[in-house]
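Read through the structures below before going on.
The two complexes that follow have chain A in common; it is paired with chain B in the first and with chain C in the second.
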Partner chain A sequence: MRLQLNEPAAPIKSRLRAAVCVLLATGLPGVARAEGSTQLDSSVLLYGERDRADVVEPTVRVTRTRANGQSISVGLVYDVITGASPTGALPSGQVQTTTSASGQVTTVPAGAIPTTTFQDKRYALDGEVRLPLTSLLASTFAAHYSSEKDYSSLGASTKLSYDLDQRRITVTAGAAFDRDDVFPVGGTPLGLTDGSGALDSDSQPKHIASGLLGVARVVSRRWLLSLTGTRAREDGYLTEPYKVVSTVDATSGETVGQLTENRPDERTRNSVLAGSVTAIGADVLHVSYRYYWDDWSLESHTADLMYRHDVSDHSWIQPHLRWYAQNPASFYTTGLAAGAPLPAFASSDYRLGPLRTMTVGMSFGFRVAASAGEWTIRPEYIRQSLASSRAHEEEEDGPPEPGDDGLTQSAVAASAPAVELPPLDILSLVVAYSRHF
Partner chain B sequence: MIRKSVILAGALLIGALAAGCGTVKPWQRDLLARPQMQIVPSPALKAVDEHVYFSKEGSMGGHDVGGGGCGCN
Partner chain C sequence: MVHAGDAWVGRFRAMANPCEVLVDADDEADAAAPIAIARAEAERIEAKFSRYRSDSVVGRIHAAGGRPVEVDEETAQLLDYASELHRLSEGRFDITSGVLRRAWTFDGGSRVPSEADLAAVLPLVGWTKATWRERTLTLPPGMEIDLGGIGKEYAVDRAAALARAASDRAVLVNFGGDLFASGLRKGDRPWTVGVDDPESPGGAPLLALEIGRGGLATSGNARRFVRAGGRRLGHILDPTTGWPVEGAPRSVTVLAASCLEAGTYATLASLRGAGAGAFLEAEGVRHWIF
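Moving on to the complex of A and B:
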């Protein structure tokens, strides 16, 4: 805009009219800032495991932020899951035929990993309100509900954030409570039985109370650090109703049958997450490390690295690496000796085993000219594998520690056959779009 | 050994959090104010990731408290 210094002064009404026209023509930026803004975030996840499950998950979130910092956010997630999931049973030299609690008969070829096919849809709705209480103190309240064929979850959480030291430090404390219900298709089987007994048709409750304490600090003009600790207490039905444990003939090593799995009905989870964000020139490096442990003796390490590089004013790339390793839960076993006394708890769910996950991905972000929105496309490759039981034992620093259930890893593992399960290859693609209004 | 390393790294981090390296004035926060400098730069992608890894691994959480329950694990 150019000032016309020599033009005769226009009447005040004309000037105001002209000013209003200019504001309207430029999309009312000043007015929009004064009244707040709206943000739309949407994404679609396409996820596929080789010979296993496929997931399509669209999400949408709308966040309205007022000029005083108050905001309200509503999100909706819809999942469509199809495919197959390992039952936990061992491959056998012979054809295996199993009948699930819902009456589904599955025939597994000799040498193949037994899986059960499934199809489910899940929707989740959540809302969050952020209220600044003072210029330094803010509170957040959130609630969610999700539902699927055999599971529902209802929960609420609250957080308080306080800025200290000229806003160089932010301390956050939070708490949440979830009430979940599990209602397995066909009923709930008794744990460590052959599944032929009476099924419990009631839904199985599960409660989760969790807390969070975190601190984030501006270390320098280019460096931000954070440290967050969480603790969650779960109680109720924590068993996977569709998973089984193979029974194995101690002499021949052949699979002779299977039992439903059984887990403790309490679990306390803990995590400490350290994060660093560093500006390197115009690029940004994100590094984080999480240490997790629980009273099922499961312990894990997660390292995550992202490096964002702006290719132009309208586009960027961000390589991503993630590495995850866990030690097994105390009652994890590949199988139980047929005829031997049963332990109190046993599971062959690979997610409680000596699991390793490696993720390699790349995000591409760009803005289309003349559009206020930003697109992100992120393909990733994930590989999961189970460390062999021998390798795992060598990693142990000392003798196995008893879990809170009084069970040692060796007590279950003594009868467990050594098996090598092939790694699981996963491809995922996220397409996301965000824009301000 | 791993636990000792974790404790040592945690102690170093707490030290860095407590001490800092200097004073950053409000008008020096141009870089820190960029969206990509947020601790979680894309909450939407983070939520997708949390869901995927929660359903595929034995651990969970770390970034936030509560969240949508799921029968996937």
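Moving on to the complex of A and C:
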């Protein structure tokens, strides 16, 4: 057999078409901006949970982009939260009282979910610098600081992104470090006690180191896919100082007392996010799915769907649906059996429970004049509920036993009352305004 | 702006060619914006990439005298594209080959450059001699680049997209015979485009094509040739030899999804000389060769 040297060249169609798509897709439809620009983004968030917390959060951000692609951005957030947050204690047949480390005493009517009332103000400041190192390699450096009455957070992050394959593929890698401090009002309560004792130090540190790796790929001129994985390691004081766990009489099922909650002091969190952006005619469809898991056995799924439609040259609408479901942390419990040996860790914080969230929203964007800035109004309705605690208990039936990781798997008293916590209705409204200068 | 047939037409000159923008509108007012936008885009691209202007990006690169020049994003995209075409065509498509025109005069006469003439310019040809890394281009002194081979088609696609974004009417952008139609006209009627006879441009078209959405481009110019040794040599030059490509068709017309793709195919086919038809057949591209 002879080696054929003059084979016809393989068709170049796919590579040529890809090159054409990259050239024509980038920068369209706008004309490349010749000089630098400044963008102002501002918004006000109004958030209300029925009978619970209300949040008012104004934000402002200024971004200056230079012609060479360098940009610097500074943002300021201020928020005021008022209202009530569930303590974690169970509703009770009797009048219940909650006492906080600050000496605050709350009396809860029979049958109601015990909450702790609060008013908190928080401000946060962040800055970000983006530096294109070459036309294909860009770096981003960011830092933030936030402070409120009993919590502060300081962090820095960096990100590198690199374009490959004629810019059809962007690979991003990042790392972030945070140092948080919790200083509960009146001192830090000891975990799983009646709250009367306090830890020696008033300030409890918490460290977070996280890494990110992402790939985005232009599949075609009208379709972009992305995949991002993150891993974060937390250590330090991870307990919520004001949350409690009810103790329940094993025979009567009555709530007889409450203990401060206690969580492990280490946590490794992982997530994978897959997203797709598709242009359908002039409309844009965003679909994403996120899977999250950590070594507290918490696991969650988030599916998100957005569809943008331009109503006219100056206005658009974007319906938005999000569905969220999580399996509880291994030490999540609705209540502990009174008198039984205490587990190492326990929390009744609904955020570690079998939480389900459904969000339905709609964004409206419009410009009053072609040259003016853009207004966005985004109302959202959120329904938050806990999956039936009965089902949860059945899964975790049997005597409490220490797990492989040393954590007590379940401290749920088999006789703990089957709690039907009512779903929580939340309304939120964002009014935002952005413009270029 | 004139009302020709049943569409409004804006005519102007840009990139050394007659240009037309057709808008499927009844009212002149509806046609004004897309025509103005398409024209502004043609003029922007011409000003930015013209090799005749010292203040253009290309002028700046030529003035660098061997020093590296950092270019903006759009230029980088075009250079990436040109670089990819150089690879795909195994060196036949080369944006540095423009200096060969100093040696050749395609005026229908018989003046052919001497070996010495060619030897003087050939060292200045070859994309592989340039260093194109990330956003920085370094050309050896004396070398030049010419984005004319892709710039006009790129301008057509961009102008059409911008015009279409500014209007809900179907538009057809035609810059010097390279064109893009944005979609069917009212009543689902296609645009009708004539393909000129290369021997008598402006005369009766050889065929009429109906296009809804797509790009159409033609390579070749029957009046730009030189006679040598009894042969008629077209103006398509092979950058590896410095000589015109043997057997290049007088006219290659390609229909594709975009004007850029059509124009690139037409150019790459011409560079294959007598193999133009076989190349386009193998690629499965709709084409007409004369």
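Some notes on this structure:
One rule holds in what follows: the second predicted complex is superposed on the first by the 369 of 437 C-alpha atoms of A that agree within 3 Å, B and C clash if a C-alpha of one lies under 4 Å from a C-alpha of the other, contacts with A are read in each partner's own complex, and residues count from 1 in each chain.
As a working rule, a contact is a pair of C-beta atoms (placed from the backbone, for glycine too) under 8 Å apart; a residue touches a chain by one contact, two chains touch by 3 or more.
Computed from a prediction, not measured in an experiment: that's the story for all the values here.
Of the two partner chains placed by superposition, only chain B is touched by A:His286; chain C is not.
When the two complexes are overlaid on their common chain A, residue A:Ala175 makes contact with chain B while staying clear of chain C.
If you count the residues of chain A touched by chain B and by chain C, you find the higher number for B.
Applying the stated contact rule after C-alpha superposition, one finds that A:Ser434 touches chain B and leaves chain C untouched. Shared-chain residue A:His207: touches no atom of chain B or chain C. By the touch criterion defined above, A:Thr134 lies against chain C but remains apart from chain B after alignment on the C-alpha atoms of chain A. In the superposition on chain A, contact of A:Asp150 is made with chain B only, not with chain C. By the touch criterion stated above, A:Leu355 is placed in contact with chain B alone, chain C being left untouched.
On chain A, the patch touched by chain B and the patch touched by chain C overlap at residues 166-167. Residue ranges on chain C touching chain A, taken from their complex, read 41, 44, 72-74, 76-78, 80-81, 84-85, 88, 90, 133-136, 154, 157-158, 161-162, 165-166, 257-258, 260-261, 264-265, 268, 278, 282-285.
Put simply, chain A touches chain B in their complex at residues 41-43, 45, 47, 57, 59, 61, 77, 81, 120, 122, 124, 126, 142, 144, 146, 148, 150-157, 159, 166-169, 174-178, 180, 182, 208, 210-212, 215-228, 230, 232, 269, 271-275, 277, 279, 284, 286, 289-292, 298, 300-302, 306, 308, 316, 324, 326, 329, 351-352, 355, 357, 363, 376, 378, 382, 384, 397, 426, 428, 430, 432, 434. Only residues 1-2, 6, 9-10, 13-14, 16-17, 20-26, 28-29, 31-32, 34, 36-39, 41-45, 47-48, 51-53, 56-73 of chain B touch chain A when the two sit together in their complex. Within the complex formed with chain C, the chain A residues making contact are 8-9, 11-13, 15-17, 19-20, 22-24, 26-29, 31-32, 67, 69, 134-137, 166-167, 313.
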